[in-house]
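Heads up, there are several structures right after this.
What follows is a pair of complexes built around subunit A, which joins subunit B in one and subunit C in the other.
Presenting the complex of A and B:
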């Protein structure tokens, strides 16, 4: 049982962590927490199933198309739900606009795709391992590791990545330096779309292609962000893996419903005790 | 709206009194009359729809205080409806407990709703907006899952019968009348709250939290009462909902309902009651009218939400706000009236000074204040000047409790003034204004000023809910004083105007009026002359001196050297967080270091 808990815990933990990184990537350039993060994860599964099972594409082009389509949805998010409300960030209208867009995405998926979970293809044919070493468990972990390493490389080694960091650090100063702040923001939403879809794609064999995964991923992907502190990707990974392990341990020992209650209760308690997250920064000046 | 009269004799401004019925009540009576006529349609299907709308409104009326007034994005209120529905059904069916009469079961549902309303709401005291929205969503998911899993009590997926109403409420139309009556009562209650210091306090917390604190409004106490009330409404509505459905399963409580509740408030407009009521009716009818679109209803709601957020953030209420669009007089002047000030601030007997000794405040490695001593005497104007970043505003913030210094003592006379707790300052007679005016743009000028009188009310939330005589009397007193305060600063002609339509200079005077509502022993002004014309600065100076003459100690942070030297009795100069010089204006003017560091040669 321990092996199953570890395998599935790390797998869902990695998915949650990736959704957390999706939140963070959007937050970094816009200071907006977007409800679309979980929907992007959901779409990763749906697009993957659509391209590979329905359209019979090979895995790699299917993955590429999935990421592209989700990146496009990320860009749409920026244009429709984020840009118009950025000038009044303090009114928190983005909570409503991104929630509205997320619900629209979810409803369109439910109607155009299916309201029932549909199968997701087995991605790799070469491995036949089962049990804890099944590909459905380690694929999300690999995806998460690749994403984190890729982001570290992007932010530390490339000019575009440094520009991202500059915008995230101080929007106004970055603009004053002549950085194309708006384009960088659009790019970060595209990137977030791809990362979110990667979460759903790599975890497709666990979560299936199901429209209702959106809100669940939204919530469970938000917990690592809340625990790790806004904008902190490493915190999100640690928080995500911890959440996945805790949730699966509770799942195996006390059963599904009570594990959700346990996760929720623990989440509220930790948040109330440390509203800035466990690795978060101090609150801002108010007066 | 004529404010350009000489201020020789002061006549108390007249309160506009409505006739027997205030005009604001008329639309509600119209809706009620239409609803009462519905049974004559003879169509029982309408009974179902109308009852549903009434039940939804009972929940939304409470939620409106949370979302529309307090600005808390509580999205998952369907959870409380579910809890109320199951509580009432389980109690009335007698499967777990002895059978309980239907109305008692409804009361119990309201009780459970109140308790969980508080539980769901409490995180709002600590968490930021998005976090709070997320926790309410999470709670909604959990409740449905528990309802499914806890089969012994809830019947799981099979469900449970709802409470059967005793005669005479056992027919479709009589049940409708019952729900309509209850909806009317709840509307009246939320109206009472909205028009009281509680309603203003909620809006102040939403739009100008710092100013609300400075006015002595306690966020926890206010939000706790509001969450309890909204939860009780939701639980009660849940009980009625179960009665209407006659049979409930977890499927009946979709997230779509949560969305309907939430969006009804936003379509209606924040801080309004009529708007959300119309929103409720509209959203309840929408799926009936657009039956072929039933599958798309969530999409429709979400689309509506997006349109409202992007295109008309004010909602229906702002469309209906004809008075708010009336043009304000173009050539208007701020003419403070000394007589009104004297009526508002009775001369106070010689009081104790406000003392700061050795205050030190560090932010990380930065010493924002590095050992400041200051004494503000009652009845004097004390100027605090210095270059940008010298610690003037920070000193005000320390006095007002927003920052806790690492070192030093503060005292009011002999009594020590504890650091922190900004919401306790109002009770100690310390009032302030802000560098950027902290104003509720969507409220009228009068309401903004009345926020300053919040701590004068002592009646409870519950008494206000029922419009008992004492809260009503208190309201009248606060309103009369607010009109006096507006006259004192010279803005009584703009009392009914929406605050966001005022000019910047006028907002500065509104803030002073709000601060004067506390009849403060000490008034702290943070750059009140910034952005004012020369003539306005002259009037401001006269006003400040008049306030001091009544015995109030004024601490004035300012960059306009002329104003400082004209009206101050004492001036303290800060530089790099330290006192560079302190003395009479004449001393300061000739102080070498001050001249070279700040005033310029």
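Presenting the complex of A and C:
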């Protein structure tokens, strides 16, 4: 039982963490919580199944096309649901615009793809590993590790990454320094699209290619963000993995419906104790 | 000739006086209009597409034979898209504008719950195949007749198979977290306990839950001998079957027809995981031990050959569509009238009326017309031309 809790807990936790990072990546350059994050995860599974099973493409080109397609949807999100409401961020209109776009993505997927879950391919030709060592459990964890390492490298070692950080820190100052803030924001939405799709692709064998995965990922992907602190990717990873493990442990001990109750009870308790998240810094007040 | 105002008035009065005399003649020749509330597109369109093939086939066949007492059958189809609001609008349009003589459908319970009272107010003869028990109430809806089993009948058939054929006494009952899943599990648990069986585990699982191991482990540890499934989520069902395979457990699954859905085949990690899965089916649309359908169903399949595709749908959907049109046409044929009262009175008098899908009986106090004994279990992985092999244990 412990092996099952660890395997599936870490797997779903890694998927939640990746969705959390998707939220953070979009938030960093726009200060917008885009509720399309979960839909990008759902599309990762759907595009993966479409390219690999339906179009019979090999896995790597299938992955590349999936990430590209989701990156394009990330860019569309920025143009359609974020840019028009940036001037009135304090009115929180982005909640409406991003939720509306998320609903549209879900409905179009339901109509054009299927309302029933469809199979997702085995990505690696491994026949020896079964049970908790099955690829469907460790692939999301590997994807999460690769993503966080890649982002660390991007943000700390590359000029573009530093420009992202600069915009995230203070977009007015970044713009004053001549950084192309708007282009960087578009690029960050493309990056977020690819990260969200990677979550759905790497977890496709667990979640299947199913249009209804979007709201689930939106919901559970938001918790690591809140737990780890808004904009804190490392916090999102730790929060996501902890959430996955706790959820699976609750599944085993108290059962499906009550496990959701247990998850949200713990979530509320943590937020009451640490409103800024476990790893978030307390907000500084300028004087 | 000069026409005066007086001549015109006389002619008008004469015309008005003759109108009642002309009406019966019109009724004799006007088409029998059947409203067909079909969710042809949208999430739950698969059954309606199957039903529609049967409806069109039956109407064409009747019209080719000269219609009913010389009256053509006219099918007036409205696509409700599975949306109760659209179903309400379509029903009102059928009643007040299209002036249909009877309505077949809707074919899912959500829509039916929305329109049944509207049809009752208009005394519109209605037949439908929806399973929710509350849809049939001869006091509130004397116009509504069910030509498929109710949820309760499904439940009875599943329980009878578990207790009498599989001879198990300890069952786990699992559903999804939808309203249907929760209410079906509750009813099933109560019925099993009433019949002396022990429900050792019960759960409602979120259909998107990626890992079913926790529930399956708990069910096994509780000593489950058969797992009863009440869900329409093929993803959840496939995950349960795969988990059972990974656990090396051979407990049988018994329950909802969706367990035999073709979509499940693609979601299984091994085809063997679909063994020992027994989904609700119907005697009329099941292959017996000799590999043949019952004679009447075989006759229908032969008639459908080359005209109606069966490989991508279910035979019972097509057969029920044929029966629906035939039941309405039969009422007009027998009574010589397409009035609401005549059709309803005729249906209320039907005893063991042999259709293709079932043998229907209705009385003024019982509008669940499908016999429970014709609800059987099918081996879920045996689909061929829209029909399934009977599960083991039927003589």
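Following the convention adopted for this analysis, the second predicted complex is superposed on the first by the 280 of 287 C-alpha atoms of A that agree within 3 Å, B and C clash if a C-alpha of one lies under 4 Å from a C-alpha of the other, contacts with A are read in each partner's own complex, and residues count from 1 in each chain.
In the analysis below, a contact is a pair of C-beta atoms (placed from the backbone, for glycine too) under 8 Å apart; a residue touches a chain by one contact, two chains touch by 3 or more.
None of the values given here were measured: they were computed from a predicted structure.
Once the two complexes are laid over each other on the shared chain, residue contacts for A:116 go to subunit C alone; subunit B is not touched. With both structures placed on the common chain, the touch criterion links A:248 to subunit C but leaves subunit B unconnected.
Of the two partner chains, subunit B and subunit C are each touched by A:257. In the superposition on chain A, A:103 contacts subunit B only, with no contact to subunit C. In the superposed pair of complexes, A:131 makes contact with subunit C only, with no contact to subunit B.
Once the two complexes are overlaid on the shared chain, A:155 sits clear of subunit B and of subunit C alike. By the touch criterion defined above, A:208 lies against subunit C but remains apart from subunit B after alignment on the C-alpha atoms of chain A. Contacts of A:8 after superposition: subunit C is touched, whereas subunit B is not reached. Note on subunit A: of its two partners subunit C and subunit B, the one contacting more of its residues is B.
Once both structures are placed on chain A, subunit A residues 216, 257, 260 are touched by subunit B and, in the other complex, by subunit C. Of all residues in subunit A, those touching subunit B in their complex are 33, 80-81, 84-85, 91-93, 95-97, 99-104, 106-108, 111, 215-216, 218-219, 222, 226, 257-258, 260-261, 264, 267-268, 271-272, 275, 286-287.
Contacts from subunit B toward subunit A in the complex involve residues 73, 75, 122-123, 126-131, 133-135, 137-139, 141-142, 145-146, 148-149, 209-210, 255, 259, 266, 295-296, 298-299, 301-303, 305-306, 309-310, 313, 393, 397, 400, 402, 434. By the touch criterion given at the top, residues 43-44, 177, 203-211, 213-215, 217-218, 233-235, 238, 246, 261, 263, 266-267 of subunit C touch subunit A in their complex. Here subunit A touches subunit C in the complex through residues 1, 4, 8, 11-12, 110, 115-119, 130-131, 203, 206-208, 210, 212-213, 216, 248, 251-252, 255-257, 260, going by the rule given at the top.
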